[in-house]
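Following are the structures in question.
There are two complexes below, and they share chain A, which is joined by chain B in the first and by chain C in the second.
Moving on to the complex of A and B:
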């Protein structure tokens, strides 16, 4: 793949465009996708109904009656106006600190994950607790984040056997990423931690706790401390705006 | 407040409107009615813009505590009120307390029961549709009582002519940004193939099986592609070679390669195809597809003008007295029964 191939602007269905920055997940491509998404939202072009981003791409959905040629020109002009992989992340992002129990019967695959990373369980818990990860994208369930990227020794494989169900709030790990489960679901990733957070609260003022670009630190707490948060929909999470 | 009580419910029955756009970045797809056209047809028949009850495969039994207008659209199902057959694609007046029975589909897969004044189930994030795949809200169960909106209109006994979209047929698709991951040979084979919708179809997606292609289809890049944005109508090809048409409750991103995208106006035809009905996919140029979607959306806006009085032959109505009882709330000038 030559570098000049990226970014690529292509159509998405009949009413959308997708701008892809890479065919692999890397930090600059994810940052570019987040920065371009924010810039398109600010631009306020006619006919744009929705802007979203995935791991390494930004996508736009238009009204069926939009002027597609005009929007395509606007996209081209904006995309070519700068090197998006060198852009800063959008303003207003939040850093969340979410109390997390690592291991125990609440998160039974921690020992296996630590071993796969070449660490003891206490070492692994200390590392994961200190890691500050970015919401790369949300998907699979409403409000459910993919977070990355952990250090290279956390490039551990998915399980060969699917775990039939992990509860909402489960923190699972594979391929240098976390997923924090919004609802109970099966998974092939390792269940290393448990939080009490409800990521999607349809009747709350902020229905979705996390947005792409936000950052999360999963701070280790004891089971006794964790028990205090079980009736708190935010699971004891605290946040601040990233300066 | 008046209520519609669900006395009996098919396995996949839910209140659906046009869904909840705007939350793709938060991981929530639009959802909403699988057959958007049927939703619009019911709203045209009743002169409103409301949510309806979507019934997959089989209907249920319903009873309201006030007189109400209803409309029946989408897949024609066996329907009756107090034992009298109800005409599909038409509006009717049902007296308070009368039990409406809706049975299995006679054609197609997804039927709709619309109520005059609409259903006032809670609005959440701008829509009444539950998103069953996301476990956001829930389907309908026997015993549920749905609050009814106020109905200010009186017009009923109307019918809307509809084109048959209930037995599969030609489906127009456009190339997507991943179409090039499939070789031209593979795309040609896909276009030449005959498919049948699999019985595992859900509100999320419909697997389509081609008997003459037992190994299915595959992208040259295999499965090692980066997860990317999904749009409704995308046809993803899973690891075992089975194409899935992603429907209203699709996931928002996915890592399986997509061979093309079904255009919006042909999605109802996918939703309605019963197991075994023949489906064929045909790539069409983007301009042609956009014009087709625009024309379809204009047609949906203009449905109100196509509603005509339902002409009933009195000889087809075995018991006129009970019929009038069912239609108790209708004043004479709204229900013109033509002499034959």
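Moving on to the complex of A and C:
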């Protein structure tokens, strides 16, 4: 597959377009998706109702009666105007430190995940606790982040058996990514940690704690420490602006 | 206020949906049959977007705590107010203390109870729709249950009116038979080209049965197996209601109003917005077919459909002026 095939502009029915930067998750493609989304939001084209970004793509939803061809021309011009994979990340991103219990009965699949990564549980906890991961995209549930990318030995498969339910605040891991659960849901990923954060607070000024581009460190805490955060909607999380 | 006496199988508060939060992982939600919601609202003088109660398979019962103008739209149903039969697509008063009861429905899926002034629940992220997966919006983010009481917004006027409604002659679309294998139009997507001609033909010629394993999130379709020329492992990307996906099983899935905001299966196309209302009403086990269409055709279809609520407003206002 040659470089020149990317990015690709494709239609999403009558709803708009998707611009894909890669068929694999990589840092430049995710950065390109975030940067193009920000640029389209700033451009304020007629008929554009919503711009979204996923792992390696940006999608545009148009109003039902937008001038489809005009927007397609505008997208082509903008997309070809620069190398989006070389664009910087947006300003104002936050670094969060979220207290996390690894393993124990709160996160029963830690041992299995550590083994799949070729580590002991303490080694795995130390590594995951030190890892600084970026919110690649939000998806599936309100404000629910996909975070990555972990080191290659964390390229562990999804479970063949779906876990019927993990609680809100569950930190799950597969294919070099974390997902931090916003609401209780089934999952095929391994439940390695538990946090007390409520990612989605519909009535707060910032309804979604984490936004694409933010970074997170899931710092290991003991169960006793974790218990202190259980009534804090922010789960003891602290943040600072990334300079 | 409206008191829910029997919610039936699956009832929730829905409006036309929640827009602008896909990037935050928040889906659209909203009425499965958006046309029925808009027409029902138009019939009683609400904005198209007012919230209503979406009931599934009929079999529900409610009562009013004051005189409330209502219109029931959507699937064919047998409805009564205190035992006296009433029509679908008619605006009429549900008098204080009287019961509206609706029998089970086998020839459609979803009914909408529209009330003058709209169902008044808090607006969350720009919409009153219930997001059942996210557990917010609507009434406490959940399905309705017996005993729930729903506030009703202020109607534009409170006088009692004679029942007036829409006829099948004027609005054949609203009275169509959903059990006779409707043909849904779709716009082919990128991976449509990954099917060879034989598999494309199979998809178009086959009647696809709606699997019992279908819900507001997605409809699974049962039929012949569709095989792409090559198997593609794709990254998750943004998807929308109407997206037709082809999972490895070879049995297509159509994403519905509660669709996840992202997915990774190859996409054959997207059912056009105007036909989503029909799909929302095809009973479980009954069949549909697909035919490709152009973007222009899809836009015209939606424009024609949207014009119907204006016609309804004109007709109802005209009749009211005479009365």
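The working rule: the second predicted complex is superposed on the first by the 243 of 243 C-alpha atoms of A that agree within 3 Å, B and C clash if a C-alpha of one lies under 4 Å from a C-alpha of the other, contacts with A are read in each partner's own complex, and residues count from 1 in each chain.
Operating definition for what follows: a residue touches a chain if its C-beta (ideal position, glycine included) is under 8 Å from a C-beta of that chain, and two chains touch if they have at least 3 such contacts.
Nothing here was measured: the structure is a model prediction, and the numbers come from that model.
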Combined model on chain A: chain C and chain B, fit or clash: clash
Partner chain in contact with A:45 - chain B first, chain C second, else both or neither: neither
Which of chain B and chain C A:10 touches, first, second, both or neither: both
Touching partner for A:23 - first (chain B), second (chain C), both, neither: both
Touching partner for A:239 - first (chain B), second (chain C), both, neither: neither
Set intersection of chain A contacts, chain C complex versus chain B complex: 10-15, 18, 20, 22-25, 37, 49-57, 59, 61, 64-65, 68, 137-144, 182-183, 200, 202-203, 207-208, 211-212
Chain C to chain A touching residues, read off their complex: 19-26, 124-125, 131, 133-136, 186-187, 189-190, 234-238, 240, 242-243, 260-262, 269-273, 295, 298-299, 302-303, 306
Contact set on chain A toward chain C in their complex: 10-15, 18, 20, 22-25, 37, 49-57, 59, 61, 64-65, 68, 137-144, 182-183, 185, 200, 202-203, 207-208, 211-212
Parts of chain B lying in touch with chain A, wherever the complex brings them together: 21-28, 124-125, 131, 134-136, 174-177, 225-229, 231-234, 251-253, 261, 263-264, 286, 289-290, 293-294, 297
Chain B-facing residues of chain A, complex: 8, 10-16, 18, 20, 22-25, 37, 49-57, 59, 61, 64-65, 68, 137-144, 182-183, 200, 202-203, 207-208, 211-212
